[in-house]
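These are the structures in question, set out in turn.
Next, two complexes with chain A in common: one pairs it with chain B, the other with chain C.
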Partner chain A sequence: MARKTLLITTALGLGWAASAQAQTEIGMWYHGAGNEVESRIINQIVDDFNASQSDWMVTLESFPQNSYNDSVVAGALAGNLPCILDVDGPVMPNWAWSGYMQPLAIDASLIEGYLPGTLGYWDGALYSVGLWDAAVALYARQSDLDAWGLRTPTLAEPWTQEEFMAALDAARADGRYEFALDLGMAWTGEWYPYAFSPFLQSFGGDIIDRETYTSAEGVLNGDAALAFGEWWQMLFAEGYAPGTSQDPADRDSGFNEGKYAFAWNGNWAAVPTLAAVEDVVFLPAPDFGNGPTIGAGSWQFGVSATCETPEGANAFIAHALQDQYLAAFSDGIGLIPSTPAAAAMTENYAEGGPLEVFFGLSAEQALVRPVTPGYVVAAQVFEQALANIANGADVADELDAAVDAIEADIERNQGYGHDG
Partner chain B sequence: MAMVSAENRGLRLAVRYAVLTLVAIIFIFPLLFMVMSSLKPQAQLLADTSSLRAFLPVGDISLQNYSDAFRRAPVATFMVNSVLVTGITVLLSLAICSLAAFSFAFLEWKGRGVILSVILATLIIPFETIAIPLLLMVSQLPWIGPGGLEFGWLNTYRVQIIPWVADGLTIFLFVQYFRDLPRELIEAARVEGATWFQVYWRVVMPLAGPVLATAAILKFLVMYNQYLWPLIVVQQESVRPVMVGLGYFFQLNTAWGEVMAYLTVITLPVLAFYLVLQRAFIASIASTGVKG
Partner chain C sequence: MASRLTVSNRAGWGFALPGFGLIAVFIVLPFFFAFYFSLTNQRLISPNPTEYVGLDNYRSLLGLAVITLEPERDDAGAILRDADGAVEYPRVRTITRSDAFPQYRGMREWFRWQSGDNARVVIASDVVFMKALVNTFLFVLVVAPVQAGLALGLALLINQRLRGINVFRTIYFMPVVVSIVVVSLLWRFIYDGNDGLLNNLLSALTFGAFQGRDWLGDPSTALGSIMAMSIWQAVGFHMVIWLSGLQTISPTLYEAAEIEGANRWQTFRYVTWPGLRNTAILILIVITMQCFALFAQIDVMTNGGPLDSTQTLVFQAVERGYGRQDISGGSAISVILFLIVLSISLIQRWLTRER
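Up next is the complex of A and B:
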């Protein structure tokens, strides 16, 4: 009897070992280290995938977000990239062009109905797909709008530039607020091009000419861009908004504490604001003449170029694109789920939910940042120019210098693969 | 006359202490801010930053930020990694750099002046300029491990230690100190029949306490504060050091109390190390005139 038991146990053990060995390991890097909720959800997706089939075993390594891109570039140089990568939407073209990534091979039906900002295309191929998007809105208090007799703008009828400035003037005249508008100048880095280039686009300019992607001449320093620059500088010169010396703590909590009448902020900050400001409303971007626009494109999944088992990596990404996971991320970290079906499953973005407006903003106003490998440098140049203009530099000189810097970078990189 | 002189001395002493106290306050306030902020909830922490309350343990004080910080990141793992990497590097550095310096200071061999100049010249090369070539090298280097010969040092302790074991500054400190030792001591030992290693080990090193402390502290600070190098050569959490771990706390809505709690915890080894070696460190600074 004991012998029989031993044989059965051994057989079961060998069977389990063989089954375990059959799963090919696939590495994955993710940017969310330190975010408990995000880590829990991504680990759940990985666990579910690993348990759902016997071919692949995804192993997850998380990185702090602020150094994630540097880690990936270093990994690429050292030939050490994993199969599955997490990539920020606007950075994807650079990594694809640099040869770090390969196109996705997932069924097109899986991404049907996805918000446009969640799909990363480069050179005609889909390289990345996101489980969520982010959107920016103008935070305000309904009681203020009512008290100042302001029309509540809608997606269909946003504020014009005149209405927007009238709102800022009303806030300033009220006297209860330190500043009429908080633009978030304390948040340096990608926030500047993500949050502020839509203003430029709404004026009729852009960071780069999207028809050729080889020049910024005329779009970043043309008449529309100059008008934007003058308006931008005026916001700080005339004291409507705190400038580059803004205290980061004020950026985090200034609107909620009543220091600012309006705040230009993302949906990720909306949940705490809902708790702090009873009558907060999230208004669409103003239309400065060329249509209202907000930024789009957040973190997305892709496959590294060196991945030897892309079928496994694609299988994982396909698995992750389930509405239940999109909804879980949204409920967990407040971001906008990529599909209407997933939005309907969430607490905040379902019909009648407190953040439903952000889904509409993403669907209606979103414009992805320039889809070019050169965006990484152009974004830094744009940030510097805007900071300098805010600090009083000559608008035309700054924008001309920005154009020169962007075009020099494009030339150094032989056009980044664009024909021109 | 004598009374006037005594009064002057008292006044000078008072002024000196006032200046020293002021300097001490300037240096201690950031640390005080860090510790006090680590005990406060986010809202109170932010509200207190605009007043002197930021430096006082007032309001809703608790250790909640510490428990939250330990839950957010594997703080103990990061601490062990940093202390291990730093400790081993410091020990190896003291041994290797002192041996090299001994050779430069006391042994007669051709070209030592040129080689010492080349080593000192490396002090002006920023690490950032050699980081990528070094990364490419270490990603291909061989190592004999438990599983036999393997290639690539990434995601290990050794990749964080070995490239930092020898450096120009530490060698320079030892050379300067050794050159000031009386040559008669060395010559007497040699006349008595001591080998060069015996001279190094039995004569020179027992006299090198101050420079050992200085080199150890400076190396400790460099290693404990490592950021760029581990960022690019370490992708696994299990071998990640404290400075890279700091990134875990910078989220979209940063919990500043947790940041301060984490900083307080990771500052403790640095303070402890300095307190243990401070007398020798000050003695070394006073005797060599080298500023850390």
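Up next is the complex of A and C:
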């Protein structure tokens, strides 16, 4: 894109070229390559920004999401990161700690009223901010709830573990569904810690001790975590949910096609489901004793440490934080806009909109994943442990091994900057 | 000799330079890096300086110990048994996580056996690595002979003058040309537990008697499924090498054998097989090295699961280096793998030397 601009400017003559080159170029990397709608919106924001002032010129490069993090790490090692980075919320502390990012310098009034999950703080400073958040809910059919005589859970009064299991039993006894519950085991990677660690937290455990961030002993393998692990294993052993070898296609369309009675899925999948399942309802996470929780934090914008023109990068991020863009992303790809004002402008999250419930979920139940540079490795360990437990590994041994792996990693990184 | 290599062969060196250069930069240099990193605590990304840690990485990979568990006894001293009559033992975690045994800290049960009333438990610092090691060897031991044998069989079949033989050659060779990632994805669908092709086929062949199986989701079949698919995928490549070996055997030898009245088996045993000697050595070494490098199939099909039943050394090296940002740990695995492959190649060379 930069080259194209240069060509055009030379072609149009020197006078015009001089004014165009006065704009200092700022690179930006984005994770959404391959998604047409997303690319259109982000390009629109960039074009608007470039046209709105004469100092900076943002040039966008998009990467496929699967290889985006690797690209950034490789770029950082090679010393050529762009100014503006797109970063997944829970990964941000890792990059900030590694010295890839610098704190944002944007006016605090700009982020007023933002959902807590959309603001990335590390070491007391704001490093990243997101135009949207994501939320997870239990997809169900109202007709089923009525037929099985189940109470519709609310944010104020979610299902208890007993009610949740009773619902699964009812779904299984009904016989119309292949499985009672689709957890999305086919989605390996960040989905596991994002979607399933809230269950663990609701049982009273966690991936890591959030007091010190230097240990997981007693948190990931304490009594609460063991109870969670036994429950988790039972879901698969008793045939309530399809296991790790679930077909990804079934994950994507199984609930809509009537293979599963309930599905634990994100708001990004809600738009097609609304079209396919007339009476779908999005239920809040059950409460397993320690309060109901869901994960928070999605992709956010930040500034790289090596950026020579942070003013320009911050100016772009400030520009992007407009309700109209938040709303555009939400309408385009179904994400939860970060502010109530933007939510009111969208089709789905406005008052009475079909997905309004997700905004409430994000505001009420969301808990960010552990804010530590060690999260990246801990998340991998956690994923492995959950997959193994689902496949029948001994719960206590598996959680012990996860604790050991997480603590060994923290030790090798000298505590990741936490005083412990 | 030295002068011939350096002086009169200048053009030769010139031609070799691009190849040598690339090998040096992308294979030799990284190898020395791996060796160096495996002795440090190098991370993929970290603001902390890299420190020399000696053999720590190797120790945490290879640490093994055997502990003895005595059965649980009631107050009268009788051995407690569970509902199935099996002897009850204390959990291994009561030892590995106890402050009384700091030397076993962080270790985990690998396997156990019974000795009298006691259970002997082998605990390892890195059970996943141990499983990867065993799986890799198992893979080599099964795939190398089967693949080489099948390839030879196919080569003998297509080494005939028949109308349209090239069609068969092409068909057998086709899987080699297709990217292993694509092949792995396709086989994931074939092995699918619900309505995969294999399940449907077996169920049709047995008139519905065969119950569907989750081939990749079951620890007892996952590695075998990957072996079968890997053998199928690369057999064409080795078939071509066998074929080239077959075609170097002079037809006069076969004519002579025929005149002597040799039957087909004798012809194969005393003419074909001795003529394939060098080809066989090449194929054995190539397959062995390829098998030790098993990665793409695992990455696409199982990610090492279920229950670590398809972990392999290369997959673990990548998983640690990039997934867990532990370059030093990944490097240590690479060095161990290098030593294993090197010693096996040397043994193979020695066993197949000219006598």
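Quick note on the criterion: the second predicted complex is superposed on the first by the 405 of 420 C-alpha atoms of A that agree within 3 Å, B and C clash if a C-alpha of one lies under 4 Å from a C-alpha of the other, contacts with A are read in each partner's own complex, and residues count from 1 in each chain.
Definition applied: a residue touches a chain if its C-beta (ideal position, glycine included) is under 8 Å from a C-beta of that chain, and two chains touch if they have at least 3 such contacts.
If you're wondering where the values come from, they're calculated on a predicted model, not measured in any experiment.
Q: Should A:413 be classified as contacting the first partner (chain B), the second (chain C), both, or neither?
A: second
Q: Just checking: does A:25 make contact with chain B only, chain C only, both, or neither of them? Give me first, second, both or neither.
A: Touch status of A:25: no partner.
Q: If we overlay the two complexes on their shared chain A, which of chain B and chain C does A:123 touch? Say first, second, both or neither.
A: neither
Q: Tell me which partner A:61 touches in the superposition: chain B (first), chain C (second), both or neither.
A: A:61 contacts chain B only, not chain C.
Q: Touch check for A:269: first (chain B), second (chain C), both, or neither?
A: So A:269 only meets chain B here.
Q: Scan A:70 for contacts with chain B and chain C and give back first, second, both or neither.
A: both
Q: Of the partners chain B and chain C, which touch A:238 in the superposed model: first, second, both, neither?
A: neither
Q: Using the superposition on chain A described above, determine whether A:79 touches chain B (first), chain C (second), both, or neither.
A: First partner only.
Q: Indicate the residue numbers of chain A shared between its chain B interface and its chain C interface, in ascending order.
A: 70, 77, 247
Q: Enumerate the contact residues on chain B facing chain A in the complex.
A: 43, 46, 49, 71-73, 132, 135-136, 139, 152, 154, 231-233, 235-237, 244-254, 256
Q: Using the touch rule from the top, collect the residues of chain A that touch chain C in their complex.
A: 70, 73, 76-77, 94-95, 97-100, 188, 243-245, 247, 250, 376-377, 380-381, 387-388, 391-393, 396-397, 400-401, 404, 408-409, 412-414
Q: Which residues of chain C touch chain A in the complex?
A: 41, 43-48, 60, 91-93, 96-97, 106, 108-109, 127, 192-194, 214, 216-217, 219, 303, 305-308, 322-326
Q: Under the touch definition given earlier, write down the residues of chain A that touch chain B in their complex.
A: 29, 33-36, 61-67, 70-71, 74-75, 77-80, 247-249, 252-253, 266, 268-269, 272
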